[in-house]
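One chain, chain A, links the two complexes that follow: it is found with chain B in the first and with chain C in the second.
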Partner chain A sequence: MPEQLLYATEVMLNGLMAGVMYSLVALGFVLIFKASGIFNYAQGVLALFAALTLVGLQNGQVPFAHMINAVFGTHVAEFGWQLPAVVAIALTALVMVGLAVLIEKLVLKHLVSQAPIILFMATIGLAYFLEGLGDVMWGADIKKLDVGLPQGISETIESVTDSLFGYGFFIDNLDIVATVVAVVLVSALTIFSQYSKQGRALRAVADDHQAALSVGISLRFIWVLVWSIAGFVALVAGIMWGTKSGVQFSLSLIALKALPVLMLGGFTSIPGAIVGGLIIGVGEKLFDFFVGPMIGGATENWFAYMLALIFLVFRPQGLFGEKIIERV
Partner chain B sequence: MNAKSAGHTTADGRKIGGVLMEMKNITLRFGGVTAIKDISFDIREGEIRAIIGPNGAGKSSMLNVISGFYVPTEGEVWFKGYKRGPMKPYQVARLGIARTFQNIALFDGMSVLDNIMTGRLTMMKSGLLSQALWIGNAEKEEHAHREKVEKIIDFLEIQNIRKTPVGRLPYGLKKRVELARALAAEPKLLLLDEPMAGMNVEEKEDMSRFVLDVNDEFGTTIALIEHDMGVVMDLSDRVVVMDYGKKIGDGTPDEVRNNQDVIDAYLGVAHD
Partner chain C sequence: MKMKFTALVAAGMVAAAPAMADLVIPNLSYRTGPYAAGGTPYADGFNDYFTLLNERDGGIGGEKVQVPECETAYNTEKGVECYEATKGNGALVYNPLSTGITYQLIPKVSADHISLYTPGYGRTSAANGKVFEWVFNYPANYWDGASVAITYLLEQNGGSLEGKKIALVYHNSAYGKEPIRTLTDLAKKHGFELTEIPVDHPGQEQKSQWLQIRREKPDYVLMWGWGVMNQVAVQEAANIKFPMENFIGIWWSGSENDVVPAGDGANGYKSLAMHGTGMDYPVYTDMKKYVLDAGKASGAGDQVGSVLYSRGMYAAMVIAEAARKAQEIAGTPAINATQMRDGFENLEITEARMVELGLPNFGQPFAATCADHGGPGAAMVQQWDATTKKWTLVTGFIAPDMEVLDPLVAEDSAAYAKEAGITERCN
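Up next, the complex of A and B:
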């Protein structure tokens, strides 16, 4: 029995680490939703696009190589350089800022004060456009992403837990790094939003557009800022997922897992996104461990959605979301 | 009175200067509704200018035109002697025009102090990075802004609610916090849309005193919309009267009070 308990603890820890990934994607959603009321369907694709760009830049891939070769009959493929990971990440972050500027200029600016459903549709369009653009720019094959993050089972943890409990925990080094990075990222974002001028402006816009305008805050600037931050969060998520399972187009599907996370955490709460992600991560692993065997396994595919459904019935505003009371 | 004259001193010793803001032939249409019909008036430096009129007369619309929330269909807006091009509300705010809203627009999730601090956002200089890292001048600057804000808090007598989330305040206090936030921007021109609406007599008296003090101590020019005639007559130097989008009177409180069109509008005489 204690063995069973130890095993469950290990499963739970692994779930926590997986949950960090969900939290990261959900965080991007919440940032944009708070600041502009837009449900950004493209958040997952942003992570994919960031990861594709990172791999491409790092390995010196020529963007649009296929298209260039088809049009000009050339055979370009690579620049022949290998960028250091830090440089490639910094460049990709710049690309994400550029993308935020373009999204604001080409899409959002023209849809100001449209109904939320219209903006939502626009982000669906954006998602497919970006997916296509990623394909055309960098190719559709699965790519290996290596920015030097440690990977594989942590031997230290295994030997320490083995000598303590007589049972070695299998924890992936990458998961530990992801957790640390996520904690640093969230702390940095919190400090930024609490103490910087732009952070204050961001909170103001998230709270009331009219009031924000009246104190001289430019909504368009804030939108670019928040999409840039969301792009950066997507980049971090993309690096983690890409390192773990290769950069492939199914990466954009992680956006779907963020949806139940948001239902749990509430669409407007940053702590909610984080806690929601962790609950889903742990919940689906434990559920699969305890209940899975009884009902034939593969519960991870649907557990999150079921949990979200139950939440929708009993607490539609999520764990931390503001209670919605219709004014009459 | 000559609009171009250098100014004069009021009976109670306040200095009224030259024209600060001039609205020229403003018309504003929403589809079929004409909210403002060809209205012109000016606001002089240092004065308290009231805009009055029955419900739906177009008063808030006029304030929204001044603050850039509405773009006039026709007409020109002049500020400090320059014609103002089409401007976004945040750009107008940065010119030194602060405002409050008829329906109160505060940041409900923030404390009173944070709300008022947002009024100074556009005056903060430290760059993104030094702010984020809290180095260099960022801390010193923050303190300077805090000091100014604390002065305003003292001035409006809201020390005891500094840390309270604004969403929990009663209506009257919310209006006061909104005024505080507008004042924090140290505006040249302050626009108040019904600052005393929905208040009891005592709250109204407080608010009237604050409006007068702001004008007197800081020399802030004020344009306000108000329904309470007693308040308007007490506070304002000059009054614009609107009805059905048209200007039907403009002058000192006494002149306006004796204007037949104004009396008719308020007594509900049939319109042609």
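Up next, the complex of A and C:
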């Protein structure tokens, strides 16, 4: 195989893997939008908050330590425990459920029947509040996240491709794990929404709020449920991205990577989030590989949006989104 | 009722504004947003040093120092807003810790006659005091850093980089692009091949860049990064098994933050350092007594001795020494912004003075002049040991190649002088 083709193949494979990482973030947006029509601006911050909480719980960090010390003149910092990753993840998932309950009780409940733009603005407020809360609770320093996920080049893939093509491909072990996790997550979400009672209720609310209410489905319960699931998805995304870069406040910016995925895949489709992620991942990486050197590089950020825009022009609802038909 | 309200407002304003006799040194910091992890320790070090002077010495020359903090979130617009909001309170000098904000403030401080101090960052050619009357960037700037890195590599390669490939991974911003010009000239001079690899803000995803490095196999990688870009780059370098001892970051890519997340993978990574780090300096005895143990530490007090804390403290120390010099020249402790500038321009930091300050061998000696606002520009190289989780200095101070840098500084500052209609001074 010619050298350039080998390199392009490697770039494409890495693009697919990167796309999966984007999809993990996009999934959270889709879940909430599908069930409630809310574009959740806070989804990136949810991932940050979940990752901060996970590291804090795992390392036995005292939440609000700085504030406690300032008010009471104490010097508390750590509980002195180191929790196993599984326990810490389970506890963080519970925290995210608690957060979903609070969001519903304190924010969403009061905004029933409001226009989508009001709900969107509420999530902007929520994003900044959660970012501040995360800072006060766990501090702004960068934290190493170690839940035992492998990182670095996959030696097997490198040696197999090397023996086949004379060039060993680079695939990150973390990306492989992320792909497996994404497959499991999407399968679980699909099974849940298709075959469970709550899942059917969730779809009913997504289809028609009023009709769902008329058959006795509790809108408030569905909102708690969907925000809990989105919180869990945010936790998964936070783990993957946090393992890569450490847990820090720029983690909330991963939402920027999810937006073109949503534009392309549609705001209401779980498979759309996955396929959209893959297209964006591959598209931006290949563009940067072929065209980047001619125009100075650093094309990925803007090219992803341009690609999404092109799709949007031809399919405004996204590849898998539901076509909006309004009859007058 | 109306009068009571007016009185309350007036009382509030008096309480909020610094006392007129105080030395006001605003701290344009960032403790929130994607760059908070870098901004927080720097701001803590900056604040703590002035708290130390206030608590131990009663301020500088008997004048208490006020350090009103304004949050910029590393955002240029917010930085300018902070400047506008604080300059009216008798501000003597600004140190915004952002090249983007610095570029916006240079014309403003020049018009408002307030000093801008940008150690190790900002506009490099501001080292030319003939053009940039109100800006100071000693002891070192980006171009010095680029040159020191190449001088170090020359030393490592028996004095020749002929035929070597060096990649520059840089933050795709005004900051990250600063060294390109110098490195291009140095590449011509020393015969190495330079590859420029930009990374867009914030730098969370760098797979393309590091696949390119894996394909092109440069001998060395230099990095001009900040924030998450640093941590991801170090991790990706470890992932592709790039030899970490051949990966060198500028001093803004060389804090504990940048290497800890990658764990053992970061072992051997190097960066430039323009000052010492750690708590093995006598100044920390007083810092502990008057600030930390007294419960007066800035922030959570958990960053003391880290690289960026040390840098914030170093910047505060230089500013304090400039204020002392200004008081000496003006013959009064209650100096104004113009007198403060005189202090900066006549500042001399000797090793003997550093010893007196409890910071022996912490920074390089320098003496500013009317024309030289940039200092000697030397820097050391430090290396990360992932086992002990400590930086170790592997060289002494290395001088930059002024033969290459001086013409570049002259050219860039002349272009600015022409654009801004500035007549050169110091003649």
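As a convention for this text, the second predicted complex is superposed on the first by the 327 of 328 C-alpha atoms of A that agree within 3 Å, B and C clash if a C-alpha of one lies under 4 Å from a C-alpha of the other, contacts with A are read in each partner's own complex, and residues count from 1 in each chain.
Assume a residue touches a chain if its C-beta (ideal position, glycine included) is under 8 Å from a C-beta of that chain, and two chains touch if they have at least 3 such contacts.
This one's a predicted model, so the numbers in the text were calculated from it and none came from an experiment.
Visitor: Could you tell me whether chain B and chain C fit or clash when both sit on chain A in the superposition?
Guide: fit
Visitor: Counting only touches as set out at the top, which of chain B and chain C does A:D135 meet: first, second, both, neither?
Guide: second
Visitor: Per the overlay, which chain contacts more chain A residues, chain B or chain C?
Guide: C
Visitor: Of the partners chain B and chain C, which touch A:L213 in the superposed model: first, second, both, neither?
Guide: First partner only, chain B.
Visitor: Now for A:S196: first (chain B), second (chain C), both, or neither, which partner does it touch?
Guide: first
Visitor: Identify the partner contact of A:A204: answer first if only chain B is touched, second if only chain C is, both if each is, neither if none is.
Guide: A:A204: touches chain B, not chain C.
Visitor: Is A:W241 contacted by the first partner chain B, the second partner chain C, both or neither?
Guide: Second partner only, chain C.
Visitor: Can you give the closest approach of chain B to chain C, taken over C-alpha atoms and in whole Å, for the superposition?
Guide: Least C-alpha distance: 35 Å.
Visitor: In the superposed view, which residues of chain A touch chain B and also chain C?
Guide: Touching chain B in the first complex and chain C in the second, no residue of chain A appears in both lists.
Visitor: Please give the residue numbers of chain B that touch chain A in the complex, ascending.
Guide: 67, 69, 88-91, 93-94, 98-99, 101, 105-110, 114, 117-119, 121-122, 124, 126, 128, 131-132, 134, 181-182, 185
Visitor: In the complex of these two chains, what residues of chain C are touching chain A?
Guide: Against chain A, the touching part of chain C is residues 31-37, 40, 172, 196-202, 204-205, 207-209, 211, 214-215, 227-228, 231-232, 235, 238-241, 257, 260-261, 263, 265, 295, 299-300, 302-303.
Visitor: If you look only at chain A, which of its residues touch chain C in the complex?
Guide: Residues of chain A touching chain C: 7, 10-11, 14-15, 17-18, 21, 65-66, 69, 73, 77, 131-132, 135, 139-146, 151-153, 170, 172, 241, 244-246, 248-254, 257, 285, 288-289, 292, 296-298, 300-301.
Visitor: Sort out for me which residues of chain A touch chain B in the complex.
Guide: Residue positions touching the partner: 188, 191-192, 195-198, 200-201, 203-204, 206-208, 210-219.
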